[in-house]
Amino acid sequence: MGVDFFIGLFLATLIVALFTSRLYRLIFWYSMNSLVLGILALMIGKALDDKAMLVTGIATLVIKAVGIPYMLKHFSEKFHFVRQIQPQISAHYAIILIPAILVFTFYLSEPITHMIEGNANYIAISISSLFLSLLLMMEHRHVAPKIIGFLSMENALFLLGITATGGMPMLVELGIFFDLLMAIVVMNLLFHKEEVSS
Amino acid sequence: MLILLVLPALVMFAVSFSHHRKAKFLLPISSVAILLPIVKLFWLPKPYAIWGNYLVADRLDTYVLLISSLVGIGVTLALLTLDKHVKVSPKAYRRFYRFFAIFWVGLIISILANHMGIYWIGLELATLSTVYMIKTNHTPAAHKEAWNYMIVGAIAISLVLFGIILMYASAKPILGEEAMRFDLLLSHAKEIPSPFLFEMGFAIATVGMFVKMGFFPMNLWLANIERASFYPVAALFSGILESAVIIGFFRFSKIAEQINYAHLYGFVFVYTLLTIFIVAFLIFRAKDFMRLFSLSGVEHMALIALFWVSGGTFAALLHFGAHAFLKPALFLSTGVLESRGKYRIAGALRGYKGKKGELFWVLVSLFLLAIISLPPSPMFFSELYGFAAMVEMAKQSDHMLAMIAAILFLLVLLSVIFYRFVTLYQSMKYEGKEEEKRVYGSELAALVLFALCLLVLLLPSSFAYLRSIV
Amino acid sequence: MFQFDTLSLVFTSLIVLGVVPNLFYSQGYLSHLKRKGHYLLHYTTFIASMLGVVISANALMFLLFWELMSLTSWQLILTEAKEKRTVDAARFYFLMTHFGFVFLLLFFLIATDGDLEIGFAAMHGIVAKFAYPTLLFFFLVLGFLSKAGAVPLHVWLPYAHPEAPSPVSALMSGVMLKVAIYGMFRFLFDVLYPWPMEWGVLILVIGSLSSLIGVLYALSEHDIKALLANHSIENIGIILMGFGMGMIFESMGLKILSSFAFIAALFHTFNHMSFKSLLFMGAGSVLYQTHTKNIEKYGGLIKAMPVTAMTFLLASVSISALPPTNGFLSEWMIFQSMLGSSHLDNTSLKLAIPFAVFALAMTGGLAIACFVKAYGITFLGLHRSTNAKHAHEVNAWMRTGMLLMAAVIISLMLFTPFYIGWFDKALSSLGHLSVYGRIFPDGIWQMHSVAMHGGVVSPLVLLGALVSVTALLMFAYRALRVKERIHRTWSCGYRTSTRTQYSATGFAGPIRRFFGWLYKPDEHLTKQHIEGYSSKFSDSHYEVHVKPLFETTLYDSVGRAVNWVSYWVYRLAHFEQTRYAAMIFNLMLGVLFSYRIFAHEFSWATLVLEGTVMIISIKILIIGEEQ
Amino acid sequence: MIAYLVTITILLLIAPILLFFIKVLKMRMLYKKPVSLLQGYRNVAKLMQKETLISEEASGMTRVAPFLVLSPLLVTLFFLPPVVQGAFYVSFVDAFTITGLIALSTFFLMLLGLDSASAFGGMGSSREAFISALVEPAMILTVFSVSMMAGDLGVGQAGVNLASHFPKAHMASFLFAAISFFILLIAENGRIPVDNPETHLELTMVHEAMVLDITGVYLAIIETAASVKFVIFASLFASLFLPFGMQYAPPVAFVLFLVKLFMIAAAVALIEVNTAKLRLFKVPNLLGIAIVFAFLSLITFYVLGA
């Protein structure tokens, strides 16, 4: 029950993020999104009392909900990002698209419902959030929002990992986090170069 | 064993921080040293568990790893005289090696992985490290492309992970946490309760990998990146990174084959045919080496995937090996070919004086003709066998004529590429005016190395080995 | 791996016969070339690969050597790539040969069940089970005839052969085309065996068309080597006519006639090898001396280079199918086999074959005209350029080569029965009836057609009679001791000069005008009029060029199509620069959709629905609204 | 055997007469004072006495070609069908060979024309090449259909067969073949309307243009060749398309044969008087007719069996 509520919240934060036209607002919604994800992880982890997932949840809360947004904000101040980010796909298209995507993903995952014991809608929702974060990437021209799109795609992955599979192996989770950090480092370097070269 | 494998890379990483002038020589040596444990591994009995059942060396991945390490050596050799052709600071040089080391670690992990998650982690590591290698070239274009690569690559990789999770989810009910292991998945594929879920995951993962390899519709992004970065990086991309991707495709497709062969085959066939269609006509218009080579790399990758799923595993592996040697060789030679300015195709193969020059242009023309699979290049045989496998498939299938028509169409597309390359070769050799070009020993050594590897690939014994892999 | 049955041996010996004189010739020609190492390497490999093709016993070997043959010949064309024309010709040639290879590849892949090491006999079993033999037949025909240069795959010959160094042109035209014919024999007999009648008819039609078109375009050529190349097309056509007749008879169950026709085809294959190689050598020597391929720049060379002239004359007589030469004999045999068509019990076929007869006869007549032109303008009359004036006989090596090839022609003339007996063996080894006994029922003096009350010819008697009568006449002339006086040619009071004699263009004029509807020549006539008189002019320049009909229609349009497609693909591909995320989005959409439909449950309605959805999203996300 | 040799010699002898018979006939019809029938011999005799004048541009070809022009025709003369019952005839030669031999002599004639770098020679041989190229197929097709009717390809055998049992069943195709063969006879021997042997106007010359630079004995040889060629064609026509009268006693049959020859000559003369020479590019139409008739005869033979 609660799980479903938070999943809805997750989707909602993502969708709201789609319509924001300010960078900080976007970062904020991203951190909200991660927050919800972390809470989900903790809840499901407690339900299944899966240590790995609890760790993941905490890591999510620490890194994604707090760390990365902070980093991004820091970057944006350091490297003077453009903070006016007007979505390229005009709102009325988006209004059509987002429900369409949801419908499509539910239609897509319909055959699975009677194949697995878990709730197929979770899969549907995580796929749709994947698509939505793609949408987020494609509707912005600047780099920063694209990064956020990429990060929320990561979130979608986690959602899938948590809800559909009930927790991936510890190793994988940590590996993913490691790569995430790696990515941040590389971004940092790239930004640096931007500063140097420009 | 694992320590042995990653040790040279770690050494390289460490050394790359020192400003000592010896470092300049230590780095190449360490990267050459990567070969040794791999050769060791090559002789060990298979399957050989390196790290539990997370990293297991079987014949397939040792073969891929061996080839990649050989390519790595060639690239290192070419790096020695990189500064002769382009402006590169020692700092950038060291940093390049730093990320090269990370790249190697990621690569070794992902290639040897027997575990989808580990595989993905390695792949991501390798990808992210290459992002920085692109940046060693200090141009705005390179910077832009690095970002471009960062994002597209990230999307592709996350798609792969998404697919992996779906597959894992589909298999978890029967295998539990072990559902991430390739070997178990392969053996239990038939029992997976929700094949559609698996197929969906496979589709998403494959799309991710295909995008990473520059298949339809993202045909040009790799080309642009390779254009913007230094040519050794291009060589790394085509020679090593793509091998890490394709091996994942090999494994996933083997499992999907168990689930539902018809779906897999239809999907891959259509996708690769589409890719080759686009690529053929892009090549027909391509006017510069980098773009031409990377597009043809895409074409070959598509062929390899197609051969693999058509059951021509031998052909696929042979083609893979040949491509892994040929393409880096060509990319490395572009450094010399373009030494009189980019986009100067006419007369690029003329004006080489002395023994070195002679050898260079002969080798390059041989590579150029080998890439369009003229005998006796390994690609000739691999395409022969690969198409044989496809025709076999066609004859078994219940719409034979359509498939034969499709194969014919594919061959026609290949001959478009053939035509383009012949034109290119002729204008390189017989048109344009002669301009003096310098060839350096190290590049030549790299080319010779690749040529020797190709010859080895042609030996009957190595044919036999490839046949025995799968 | 390799096999040496009679057919292979026959073609091996054909290659050897063609190559040995050529070795001498190219030894002499070598001084003319710059990249000697390159030339020698590819020359030897070329010969080796041709031998390899005819003796290879499995598909893998065959394809390997076949492709090697193409590769080396391509490189040989490029030996002296000075002007753009050569490079383009080489590229065109290589493309065409690869085009053929594609079809051969498909043929083999289908016929071998993917195991390329199996022998041809095993392939026969597989093909027998294959559902669409005609498909295989088409692949085979496209594959081999694109190499042999039969219509409509002939366009590359007149470009490629002239550009190669002359010994190589001799090899390509004389020998390499025959390797393709070998392929026809080998795979139609061993693999695709029972033939429906239509196949034979198709081959016959292709042959007739090739022979006519080849000779017609030969007539319109000014470039002597291109002229000879066009004649290769013609002769391949003649060979194919014999081949087609053989297939028709075979499919109608007339075994004897079919063997006869096949023997005729084989015999003509040999003859064409001999005289075409010799002609190319002669042309090569002329080119070697005058440094031009333009026939209008020759003239009077018979005085300067007698050996070349004599051998060239022999070859011309032979290729014009005049008795008593070998060329005449093989064409005679082909005619006879066509007259055998009166045995067929298929009226429409009966009525069709006279057209083939007509084509062959027409070809013969035009060939005579063409070689009168080639020989007369080149060797007779007055020199038409200073180079021609200062030409002299070529070196001993080249002379030896030409003489040896002439000897091959004469041997084919004198030892016809021996050769035919041999071809007969080859055919009977391929499971056909042996007809040697019927062709030479009473001794080697008379050569009978195997058709019911068919014709008879006796080459040796004919030769003897001609030689003796001519000798007699000449002797009589000597005996008369006629006084001879040398004086300049009378031409209405003017002096004959380089300019006043007939040019090749002029010689072919009437025929070109008669076939204008086919040639569609583009003519350039410029006159310097004298003060405004339309009829008076100080000097005028006329030249005419003929571009083959097939090239202007078929090939150019294909080229345009490819350009068009590539242009649009290029345009579309560049969306990814800016819209990659959208592209991946749509890609995912498409893939998942199609998996949902095709992999899970299929219904047209959903297909249509999802198609529309895809289109809309592509429109919105990728293409966007144009500013 | 004797009959055979006698026939050949007589044919050889009457060859010039036959040509001049045409000339005489024409002159009579044009109310001119005719030359003697023996004028041919006189010409030859005259030419034999002359010295040969050889062009300085000419090569050895001029010295050889005339013989090569004549000899194939002489050889052909030996292969003609018999004119009297039971006479010896050469069995091992068929119509293709004869066509080939005639083509051979034409080939060298054309080379001869090109040899002495004069514009006329080139013109003549160019035109000759054009015409003979079109004659070839018609010839072959006619021969084809005749051999169908005669039931043998060997010329001699064909003549005999036709004489022994005339193909009444195939009258139509026989007639067509005859027509086309007659046209070929005219075309090959360079008579009006294809070519005008009398003229020396360069616009109309074909045969004469080629031999314009030939003198003396060589010219004699060429003239002889021309007459022999006519005889060959005439006698072929006589024995293939007028195959009767062979069964009579040898002398009678022989005389009958000669009469046939002269009748053919007369027919040629009639045509020459009543038609004008065609323009060169109209000639193909005439030959086209020949080809069409040849086809017709084949088709009627096959389809209607008539």
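So that you can tell them apart, the chains are marked A, B, C and D in the order they are listed, and the count of residues begins at 1 in each.
Here is the rule we use: contacts are C-beta pairs under 8 Å (C-beta built on N, C-alpha and C of every residue); 3 or more make two chains touch, one makes a residue touch a chain.
Note that the structure is predicted; figures quoted are calculated from it, not measured.
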Joint neighbours of chain D and chain B, given as chain labels: C
Chain at maximum distance from chain C, centres defined as averaged CA atoms: A
A-C or C-D - the one linked by more C-beta pairs in contact: C-D
Rounded Å distance between chain A and chain D, as computed from the means of their C-alpha atoms: 101
Chain centre separation (chain C, chain D; CA means) in Å: 35
Separation of mean Cα positions, chain C and chain A [Å, integer]: 68
Chain centre separation in whole Å, for chain C relative to chain B (CA means): 43
Residues of chain A touching at least two other chains: 108, 111, 127, 134, 137, 146
Interface hub residues of chain C, defined as touching at least two other chains: 581, 584, 588, 592, 600
Multi-partner residues of chain B (each touching 2 or more other chains): 151, 155, 196, 200
Overall pattern in which the protein chains touch one another (line/ring/star/complete/other): other
Which chain pairs touch, all of them: A-B, A-C, B-C, C-D
Contact footprint of chain C on chain B as seen in their complex: 148, 151-152, 155-156, 159, 196, 199-200, 203-204, 207, 211, 216-221, 224, 260, 263, 266-267, 277-278, 281-282, 284-285, 369, 374-376, 380, 384-385, 387-392, 395, 400-401, 404, 407-408, 411-412, 414-416, 418-419, 422-423, 426-427, 429-431
Chain C to chain A touching residues, read off their complex: 579, 581-582, 584-585, 588-589, 592-593, 596, 600-601, 613, 617, 620-621
Residue ranges of chain A in contact with chain C within the complex: 89, 93, 97, 100, 104, 107-108, 111, 127, 131, 134-135, 137-138, 146, 149
Contact footprint of chain C on chain D as seen in their complex: 48, 51-61, 64, 67-68, 70-72, 74-75, 78, 91-97, 100-101, 103-104, 106-107, 110-111, 113-123, 125-127, 129-130, 132-137, 139-141, 144, 147-148, 151-154, 157, 212-213, 216-217, 221, 280-281, 284, 291, 295, 298-299, 302-303
In the complex, chain C residues that touch chain D: 299-300, 302-303, 306, 317, 320-323, 328, 332, 335-336, 339, 342, 347, 350-351, 354, 357-358, 360-362, 364-366, 368-369, 371-373, 375-377, 379-382, 445-446, 449, 453-458, 461-462, 465-466, 469-470, 473-474, 477, 480, 482-491, 496, 500-502, 506-511, 513-514
